[in-house]
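Shared chain: chain A. Partners: chain B in the first complex, chain C in the second.
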Partner chain A sequence: MKKAEDRRQNQECGTEPRFQTSDFRLQTFRTLLPFALFALALVALQLGLRAAGREYCLTQLTMSLYYAIVVIGLCLVMGYAGQVSLGHGAFFAIGGYTAAVLTTHDFTRYGTSGWAAGMKAAHVLTARDDLYGNPILTASPGAAFCAAMLVTLAIAGLIGYPALRLKGHYLAMATLGFGLIINKIVVGTALFGAADGINGVPEWRLAPGLTVSGRSALRVENYYLAGGLVLALLVLLRNLILSRVGRALQAIHDREAAAGAMGINTAAYKLRAFVLSALLAAMAGVFFTHYTGGIGPSEASAFKSVRYVALAASGGMASLWGVTGMSTLLNYLSLRGLFGSYDNAVFGALLILIVSIAPEGPLKPLGQWLRKPFARSAVERRLEHGAA
Partner chain B sequence: MENTSLALQYLLSGVTKGSIYAVVAIGFNLIYSATGVLNFAQGEFVMLGGMVAITLAHYAPLPVAVAGAVVIVALLGGLLEVAFFRKLRRHSVLHLIIITIGLSIVLQEAALHLWDEKVRSLPYFTGNEVSSVKILGAAISPQVLWVLGTVAVMVISLQVFLKYTLPGRAMRACSSNPDAAMLAGINIPNMRTLSFALSAALGALAGCVISPITMTHYEMGAPLAIKGFAAAILGGLGNPMGAVAGGLLVGVLEAFAVSKLPAAYNDVAAFAVLLLVLFVRPHGLFGRPGGESVREH
Partner chain C sequence: MALLEVQEIRRSFGGLVAVNRVSFAVQPGQIKAIIGPNGAGKTTLFNIISGLLKADSGQIRLRDRAISGFKPHQIVAAGIARTFQNPSLFYRMSVLENVMVGRHSRTRWEFAGCCLRLPGQPTEERFIRETARSQLDFLGLASLAAAPAGALSFGQRRMVELARALATEPELLLLDEPASGLNPKEKEQLGEQIRRIRERGVTVLLVEHDMTMVMDLSDDILVLHNGEVIAEGPPATIQSNPEVVTVYLGGEFRPAEEVELARLTSRL
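And now, the complex of A and B:
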């Protein structure tokens, strides 16, 4: 009796979902709709740019999509687990540099040993020509990718385990300090090309007809590759967030002590979220490095890490769509050089403005504002109905 | 003999740098205890102090330029608090951190566009680049004495201010229990503004005295902030005297690291110590672990 009354009240106030939960097909449709729209937007953008004869813009768009992967991963740590990380630029660099070193470093002098022959047979090492046509023996991009993931896994676990026991300011500083150490090591080591970075990273043949490469002939293909990767990750993360793990992370975000009291192993969940997002950043770094054919120390700078945080904040932190959209857009504008020498200032100012005015991100309040007229008319309708 | 004087030289250069880290750390502590915000833009105050003083020195005698720079940067610090943090009481720690980081970037970029990317410096307060004072066989610049003297005076007068004056005691009351302080008639928002202004003034003065030695550059703020934070953590957050010890420790460590490690890895030692301390003793070398607060931040 009581329940039925509640339900009627809810319906009157409009809090009850308008669709019955049994309407399974409609629900599936509503779930899939944003993903379909995203895919459509990717296609529309490419066709639009082709029609406008500005297909060269796809290059920066592809790079922005790779950067967006880092921000999406950061979104998991910041928006869902509620932990700040100012070291994600370092993970991007760890991934990119590992891949770059392994695919450009010449292993020829080990070429005669037995294990090198074995590695060659297993396609871990491949012989190819370098930029000047000299034959060299390097790791294959696939093997380098696996190595990059393993290295990132180890470092993220090693740094995350103690760091995530820290809170708020302490965690921010610890991750920032970690990022700076990686940056200094990269700049100060000859193996990593010091201040020049590493060039001549080969293209990565993922499958026949699917190559990560910056060649202009493969521009469209690479754009869809990056877009597809982002889409796949969004699907994965959406499922993760709606799972038991995601709910645990959100509980940690809302009130860590309460989450712990409910029996959630907060330290373990935080660490997993951190490591997963570090792996995403490193993966983006590997793809990015193969795409642009090189990587420089600026990718490991504190500014880059701060920029990822800014982008996550500007998208609303806990909104995968907002974060993806905003970070792709802003990075694209920045890569096109729209902000000129004020690039960093724009990101800094954006950070302050968005976080102080709309800590939930600008998209949510904007959406509410847009929906306002409709909401009011619904109330009015109901009033009329009540009067009649 | 050679070795001891060399060691003394390293020690002195470490203490000089360390005293600046100590000032930054004290600035962190002042703002942190009054507002709960850890101001990542603390290093920018040091940079701005140096920059403004250098510009003013073109038009006024050095002491006036330094005083002017301190006042201007203090006003700016107070203004930042009024503009950004006064209204944001309901924001979480994460949001406040992000805002101070944003401020740090904007201040840095503003300095880049107001001045330029050139390295500049104030003239030596007494003597010049080559004049030196011999102490125990180690040759030191008189500017080092200026730095050490100024920092000592700053630290002592800050202690006197906090312990024996009404506004200082109000500020401490505000940090130990804001609600009780408010009931006792203390205007908490004004105290928070004062803490920002005071910490900006300290940073600016430090930026002036150090300028002839380390030079002033628009990018100098961020590394200073991080090492200052390392010092504050080492000493235990909220403990000004601990911050001084922590600052000197970081400075000396860095100076000796330079003699052992390749120059490119210079900062790695300081950051590694920061990480180590954070992981092993997050409450600092001199602090004690506090109870965990369940209160919403």
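And now, the complex of A and C:
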């Protein structure tokens, strides 16, 4: 009765949406707008750089976009599920090194055995020439990618399972120790190229006309490939965040006990979010390694893991767009050498500044400050809207 | 058959026995209250039933199914929901989203399906939203749906938490001191809502200090003192139970004859 009355009043005031279809279209437009803007920005950047005759900048931009994937994954586990990981550099390295080893290691001496023939027939192993023109038998990039994902899945599960059954910062400690171990293993093992890392990683033909490669002829293509990958990922994670699973993760972040009491299997959800985010980091590692043709032990250092955390924090932790933007920009500046030999120190200082001055990242307070003279806060508007 | 049967539950923290061999039953459709002075073990008992704490020994059965040792999310799936002494909403979310979280155990889409919006997932999402809205409507909170949970008054948080617990479709609702911190008018509304919840077929078990509300609302009362059951029965019996009165008013319990004797002798 009261509701019907309310509705009538609303209609009289004109607040009730009378044209359902146009309202729906508006909603769809609002949803798609940021993604369209992101795609436009990618295109504009490429055309701008071409016009300025500085298309070579796209190489570092492509690398930054791959790094951004790691930070976006970290945003899911830190910003939404509220769990700190200091081991994402290691997962990136696990992905990259698995792909690099399998696609450069010569399996020729197994070449005559029956299973090797089978693997060749299934395109798991491929014969090719190495840098010096010697014929070698290596894993195909696609198979190496699958192997990298499986290895990451197993390792992330092993690290995350015990650490995430407990409440508190156990994941941060476990991943920090794990990252240091991975770094030592990489530097100390001949198979992983020790301090030199692995070079001569072949290009990866994803599809006809789509190849992950650092060749300058394919620079634009690879830039759009990385951009497209980031865009697709943002769409998928946005869907996730605005769903039952996304709400469950945020509930765990806010109040773990209450989340459990609302029927959420907190340990399982934290673990799944962590494993998913580790897989994203490893995926970025695989693409990055094929793109740059190699990987070195610096990718597995604790500095890199801290850098990813700093980038996630600078983007506002729980904001996919902020994290993507800040991470791409800052990594690009770093790759262009703007921070010189203070590179790692800059990101450390950034983390300290954000934690002490703007825990929600600089973008949100900046946005509020910019809008202040024009509008009331979003909270006020929502409350007023709710009361109307 | 009883809806909930608690049998010989015991739990100690270090040397302190918080709950000692407590047994009781809740009948379907009842409003049952657990009362007792501070530190009597009421909240510990609640935490054990809802799976947040493990009992050292004893059994809990819901509709004759053993649920002791279940994790909190399994308890919710089995049909028991709870609220907390301090309303613990998810403050980063809106009121509606908070209640939508309550639908978690009755819905099924997981990571992959939600990422890809597989056929069926958007429909479920709409269903979650609608049922959460109807829960808010039921408790008269529809106007707050879009408000951020952090911006609510204490009383509103209580009611939203109640809506969130109801969204899990419980058979049994555990309310931990629902009236504490509410003003008299809010208390009256709360009592009314609890009755309406019972009319919907939800059994209610509550811990409460407000005696007026307890006596007014409950069909049955369980009295705990120092972790043990000292009385159980309908409000009228409990009110006149001398042991209960002593526990609440303090002092030694003396049988009625002795009191009468003391009164007579003092006249002499």
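Assorted remarks:
Note that in this section the second predicted complex is superposed on the first by the 348 of 388 C-alpha atoms of A that agree within 3 Å, B and C clash if a C-alpha of one lies under 4 Å from a C-alpha of the other, contacts with A are read in each partner's own complex, and residues count from 1 in each chain.
Simple rule for what comes next: a residue touches a chain if its C-beta (ideal position, glycine included) is under 8 Å from a C-beta of that chain, and two chains touch if they have at least 3 such contacts.
Not measured: the values here are computed from a predicted model.
Within the superposed three-chain model, A:N239 lies in touch with chain C and out of touch with chain B [touch as defined at top]. Contacts of A:N265 after superposition: chain C is touched, whereas chain B is not reached.
In the superposed model, A:R54 lies in contact with neither chain B nor chain C.
When both complexes are overlaid on chain A, the residue A:A257 reaches chain B and chain C alike. Of the two partner chains, neither chain B nor chain C is touched by A:H123. Once the two complexes are overlaid on the shared chain, A:R215 sits clear of chain B and of chain C alike.
More residues of chain A lie in contact with B than with the other chain of the pair chain B and chain C. Using the contact criterion defined above for the overlaid structures, shared-chain residue A:Y342 touches chain B, although it does not reach chain C.
In the superposition on chain A, contact of A:A163 is made with chain B only, not with chain C. In the overlay built on the shared chain, the residue A:A172 is in contact with chain B alone; chain C does not reach it. Applying the stated touch rule to the two superposed structures, the overlap between the chain B and chain C interfaces on chain A comprises residues 255, 257.
Interface of chain A with chain C (complex): residues 3, 236-237, 239-240, 243-248, 250-251, 253-255, 257-266, 272, 276, 379, 382-383, 385-387. Contact residues of chain A toward chain B in the complex are 78, 82, 84, 86, 159, 162-163, 165-170, 172-174, 176-178, 180-181, 184-185, 187-189, 194, 255, 257, 302-303, 306, 309-310, 313, 341-342, 344-345, 347-352, 355-356, 359. Residues 38, 40, 84, 87-88, 91-95, 97-99, 101-106, 108-110, 113, 222-223, 226, 229-230, 233, 262, 264-268, 271-272, 274-275, 278-279, 282, 292, 294, 296-297 of chain B are the ones touching chain A in the complex.
For chain C in complex with chain A, the residues that touch the partner chain are 50-52, 71-73, 76-77, 81-82, 84, 88-95, 97, 100-107, 109-111, 114-117, 121, 124-125, 128, 137, 142-148, 151, 164-165, 168.
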